[in-house]
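As structure tokens, here come the structures.
Each of the next two complexes has chain A plus one more chain, namely chain B in the first and chain C in the second.
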Partner chain A sequence: MAEPAYTVASDSENTGEEKSSSSPSLPEIAVGIDIGTSQCSIAVWNGSQVHILRNTRNQKLIKSFVTFKDEVPAGGVSNQLSHEQEMLTGAAIFNMKRLIGRVDTDPVVHASKNLPFFVQTLDIGVRPFIAALVNNAWRSTTPEEVLAIFLVELRLMAETQLKRAVRNVVLTVPVSFSRFQLTRMERACAMAGLHVLRLMPEPTAIALLYAQQQQMTTHENMGSGSERLAVIFNIGAGYCDVAVTATAGGVSQIKSLAGNAIGGEDILQNTMRYIAPPNKEASGLLRVATQDAIHRLSSQENVQIEVDLGDGDMVSKVLDRLEFEEVNEKVFQECERLVVQCLRDARVESGDIDDVIMVGGCSCIPKVRAILKNVCKKDEIYKDVNPLEAAVRGAALEGAVTSGIHDPFGSLDLLTIQATALAVGVRANGNKFVPVIPRNTMVPARKDLFFTTVHDDQKEALIVVCEGEGETVEENHLLGFFKIVGIPPSQKGVPEINVCMDIDASNALRVFAAVLMPGSKSPVVPVVEVRMPTVDDGHGWCAQALNVKYGSTLDLITLQRKM
Partner chain B sequence: MNKTKKLVASISKLLRRRTCYPSTFRCNPLATIAFNHLSRDSLQPCSAKPLAISVSGLRLSGRAFCSKRSSVCWNCGFSSEKAAFLFCDSCRSIQPVDDSVDYFQIFGLENKYELDAGSLEGKYKDWQKKLHPDLVHNKSKKERDYAAEQSAKVTEACRTLTKRLSRAMYIMKLNGININEEETLTDPELLMEIMELREAIAESKDSNALNQIRSQVQEKLKQWSDSFLEAFESQRFDEAVKCIQRMTYYERACEEIVKKL
Partner chain C sequence: MKSYKGSSILATDFYIRPISSLPTSFPSTTLSYPTRNRFLSTRIQARLIHDDPVKQSEDLSFYDLLGVTESVTLPEIKQAYKQLARKYHPDVSPPDRVEEYTDRFIRVQEAYETLSDPRRRVLYDRDLSMGFSFSFSGRRRNRFDEEVVEEKSEWKKKWQTQLSGLKRRSNQKENSNSMSWAARMRRQHHHMSDDDSSS
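Right, the complex of A and B next:
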């Protein structure tokens, strides 16, 4: 047996320290990686343009999976499957982007339970049990480990082709990823020996590519370079993301973002359930046939599906587009909701939109295109991007820009001004989530809010930091918590507790808390500074545990503002 | 936006003090030049520029110099006559924040309340293309800090000047008048109007009704903005403050409507 061609560093490797490492004299151009739920690609700026790397089978799009055979895992970069069905025997783990950083109470994890590999939940707020079938036994793993194995292969492939060490990367991530999930992505990269320069929400990578294209065309026409508003819609296998961007002179300012964990996987599962014979478990064969049928439905009005499931069970069915759209109505409704929300958050009327850009594997579904055309009141979809390559191209551009590469022709004279995809705030006013930095705030951002105590002589206060859009704490992602101590004895409502949140250019979130007493000009106890997130795996039950332990004794309410 | 600034001990300020890197600034020849100009500048009403309050004493000397001056790049020594020298065109390095540069100067505008808010966006993007922290990833920690501060200042400048209300408050501040946003109202007529307005917002069920209220409120906002301009230009500052108060309430009503929509 050959030596495994990868090394995965320990999960506990510290990623925080590496960022400050001094930069070499010649800047290494960071590569862009688009880790998709089902497919993955890697690209780099080659000095004059973005070059997408190909694997040994000459593929630009590499299937994201890792097979565990004989205890030696192998990822989709080097590994060649004899047949697509091999991915469905239980030995291969895929869809990791759907599972990373999620606890076992998450509906997305539950929806993954009928995948061919093992996903078990205990519904107690810890990480789910994930395992691959190796020699008829379950070998447990984690989404981070699987991603790391895959990333190592990608790195080796890139290093061979670029003939240099590859360390710095720009990765695209879904808009709906919480900061906790982002740390898990960073962890997976660290395990693979990669240093993350930037985690870019997918549509913002596409926005950068679009900004470059716009700049090139205005250069050619010597135009004034007026601002163009574009809606970017990305739907892949696992996630749907929307962004509204205002672009001028190579600068893309993200006006708003919206996203959710819906995508091709949901469409596939809904359709499979619809065409499967009653009382028949979803099998690998059916999965492959359904996937194929969905692909064909993008160009045909109806498709014939014929599958022999064995044991005398046959599926023979004609599926037409209308049926398909009905079966997946909820997914399509959610797509529409996201676009509407994103436009509203950006305060953009559909008449003002210059371009509608659609990317991702599911963007060719006619219904999805119809929704976008209808909501944005456009007859045409932007044609100058490749829906499957746009994200990785954008990431590679960002990789070159953040590495400080200068292009004499101005092709890298680019900038993305990011916005926060989710609100960050604290628990206050009972069990409510009170945003301190609302979603779609321009980054870097710093905002603060004043709170006060709810009990007389309350000496301590619990700051529970969450991220999301829900009204109650439970509906949001918990990022961490800490206590402020030493509040001087006073009546409730008197101490002013200032909670300040700061998101810097590298998207790091820090939370500061200070206690002020009326009349005093400086904080009465030293300002507490905490970098978030602090929670580790298994954080799902933390909020509940805090509730049980402290109840409302350490609560806060917002300091009332007069009107 | 401005309410936090008002509180002297607000955390943002404490932090600002901590995160700025005055050591290099102090070594900067700028500081010496500033003192040379002090006598002339003291004749001009430079009082109470908003950002200056929050920073250390030596920085205050920086603010004392006014429009005509030359600035020297900390990196290459290039000397610039620009009012807003945030970025050195010679060596492409970002300059430390100079609190004497006001928001209008950043956008190359005259110190006037009336301006075309649409024209800010383009200039804003031009600045960010030079100053954004994303672009100085490989530069020194010092310059990265300058980038963070300068880019934040330009952002704040754009935000402040874009909206009528914040622009009005800012221009008043430049003239030495700080507006207390939380001041309680005494005018019973206005109180009545606000209560009615809030009720109307709370009771309206559909977006049509809300949009109608919104356009009414925006019309009022516009009217009071015009009155502010008049009062401000004829230096009737008490009246200008009253206009700002009105604008504040209409602005809040607008926010409430948007939240409900």
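Right, the complex of A and C next:
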């Protein structure tokens, strides 16, 4: 078997310019890719239904990792591992999705230091140092590069099977990803020669699949436009996501989203810490044994764990389900909190819920199922989706819909109305974060707020754009900043500074700022338009640096409405 | 994502749409920022087309926007909204009219958000009966109303109690190591808002 050439495009920031669409005459059907923390899948609309592609070993689910042991790095698509332990020698990089776009002060990065490959943090808010063990030397890489190598393999696999070039993709992403992390995903795709049509929060991909199923079942009794409310819960290895969706007539309207970076990896590490002898927590053998035990605990009340860790260290333990649930109590509590928050944000009563859909590798854990049944007051979980395939199927549907494909049988008369997972806003009123577009606003969206100056004759104002849910600027992700200049001399509180934010269907955020004076019909200085995010790694410093440099001299406060 | 070649639009492209006879006279002007790439050309194109959804929608009431009567029921509002979404959402609109349809879609959304919330609908109807028929007036007061409405809502109270119960439970054994930064921040945030409401 000939080794494919792994070419990765230059690591350039100018991905926007490459994103021109392909030939307009014949629309290329975008493929759907579900990039999971531990495994991946790829699917495409084949003209009548969604088809999940298989790798050379006939697998639909492909392990997400890249090994650096040979001259050329090889990913999980083509690479054959003799044993799972080979992944744990330090030569393979995995869990890229947990690391991408995170800085070295992030607890999720710190939790990855137990992994067999090298994760070094200097705790100053910059990109962590990540390396794989090659011939007893650490070869440095980045999560984007690892992801790009993996995506190139996926692309080549798809191109071979579909017998055409694959360029346009719809990618699923965790709900909790910040815009900064999303740009990293896009960059990895660009490096792999892929053009991202949509980055879909995972549960919204499932919502689209559900909308199609509902559309099909209600087709017989035409015109029954009754709306169905579904709670979608996804928990994989790295992330937990929740969505509430209202579905009618093939339209899935996302009412609320919630998510956090918790998942199977946390459950695995908690359990390993619990059963491991001191200083042996990072053992690869133990990792494999624990993972296996957790899987078996989904169907058994207790499991026997026997591992020989070498050096006379033996693990021999019976782990029962209650113990396991105790050890991971905080993970399960967070799952519950996310569901409750999502229902609250959607303004939904548990009695109104028609279906509870559970997907992802950890959705079969009995405790997680019990939580969902309890919170949603449902005895049954929706059965018509495959928990491991639903996301990629939804992404493939979205790929077909956004590529403008029509289906004569109406299977593609679908639409997802997305919502924002995190609020976007500006720094104002001291160091407060003032949302301009709140969380769970339907997209595309455009909203504006008025601000004014805090000093007499203030000629300039700093617009600091953030994303998140925190009260203060520091608690949120900094997306970028710019200065408006040329505010006419006037008393404080007089100039009207309008900040408008626009999110388009592909989730691109643009921020506009204009200065108006009372009575004037048009802005007194040219309007500023900035695409966000504009900051790169180490952005934590920027907010601090701005504080040091300008203090409150360029501050804004929200303009009180004259009622 | 789409091509942004045209996104660096010259500042001269914006224009101002004066809104007269607003109930709350602030702000006296509203700004119109460039919507999408090729903004100017579509605007001109749109004016040449007889049935111009963007221009029309500026003076329509929320009911007009959704194409329903003022006696409409909630299920009918939901249905109308989803039907219009099928027409105006950028994912499904004809490629040459995406920009104007997106504008229209955002307006339809505002109409839906207000009319699908019984309390906000009452407030909007009151304004409407006083002769302020512009959808824009409703939009201006959205947020203010939202705050008032949220305090009273039953659904909120119910989930809020459950959320604070969950928080209490997890705080008892708190050592925040395994929580992500975002989770801790959100928790902090929730505590703050709890304090606000109790005072």
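Observations on the model:
Operating definition for what follows: the second predicted complex is superposed on the first by the 541 of 563 C-alpha atoms of A that agree within 3 Å, B and C clash if a C-alpha of one lies under 4 Å from a C-alpha of the other, contacts with A are read in each partner's own complex, and residues count from 1 in each chain.
Following the convention adopted for this analysis, a residue touches a chain if its C-beta (ideal position, glycine included) is under 8 Å from a C-beta of that chain, and two chains touch if they have at least 3 such contacts.
If you're wondering where the values come from, they're calculated on a predicted model, not measured in any experiment.
Superposition model on chain A: chain B and chain C are shown in a clashing arrangement.
Of the two partner chains, chain B and chain C are each touched by A:446.
Contact with both chain B and chain C is seen for A:417 once the two complexes are overlaid on the shared chain.
Contacts of A:403 after superposition: chain B is touched, whereas chain C is not reached. Within the superposed three-chain model, A:249 lies in touch with chain B and with chain C [touch as defined at top]. Using the contact criterion defined above for the overlaid structures, shared-chain residue A:176 touches chain C, although it does not reach chain B. In the superposition on chain A, A:526 makes contact with chain C only, not with chain B.
Taking chain A as the reference, the larger set of touched residues comes from C, when chain B and chain C are compared. Once chain A of one complex is fitted onto chain A of the other, the partner contacts of A:483 are absent, as it touches neither chain B nor chain C.
Of the two partner chains placed around the shared chain by superposition, chain C is the only one that A:475 touches, whereas chain B remains out of contact. By the touch criterion defined above, A:113 lies against neither chain B nor chain C after alignment on the C-alpha atoms of chain A. Comparing the two complexes, residues 197, 227, 246, 248-251, 253, 344, 401-402, 404, 413, 415-417, 442, 444, 446, 448, 498, 500, 502, 504-506, 512, 514, 516, 520-523, 527, 561-563 of chain A contact chain B in one case and chain C in the other. Considering their complex, residues 16-17, 19-21, 105-108, 111, 176, 186, 196-198, 225-227, 246, 248-251, 253, 260-262, 266, 270, 329-331, 333-334, 336-337, 340-341, 343-344, 347-349, 375, 401-402, 404, 413, 415-417, 442, 444-446, 448, 450, 468-471, 475, 496, 498, 500, 502, 504-508, 510, 512, 514, 516, 518-523, 526-527, 529, 531, 561-563 of chain A touch chain C. Residues of chain A that touch chain B in their complex: 23, 27, 197, 227, 246, 248-251, 253, 344, 401-404, 413, 415-417, 442, 444, 446-448, 498, 500, 502, 504-506, 512, 514, 516, 520-523, 527, 561-563. Residue ranges on chain B touching chain A, taken from their complex, read 3-4, 7-12, 14-15, 121-122, 125-126, 128-129, 132-139, 147-148, 151-152, 155, 182, 184, 194, 198, 249, 252, 261. The residues of chain C lying in touch with chain A in their complex are 1-5, 7-9, 11-12, 14, 16, 18, 24-29, 31, 33-36, 75, 78-79, 82-83, 85-86, 89-92, 95, 102, 105-106, 109, 113, 144, 153, 155-156, 158-160, 162-163, 166-167, 169-170, 173, 177-183, 185-186, 188-189, 192.
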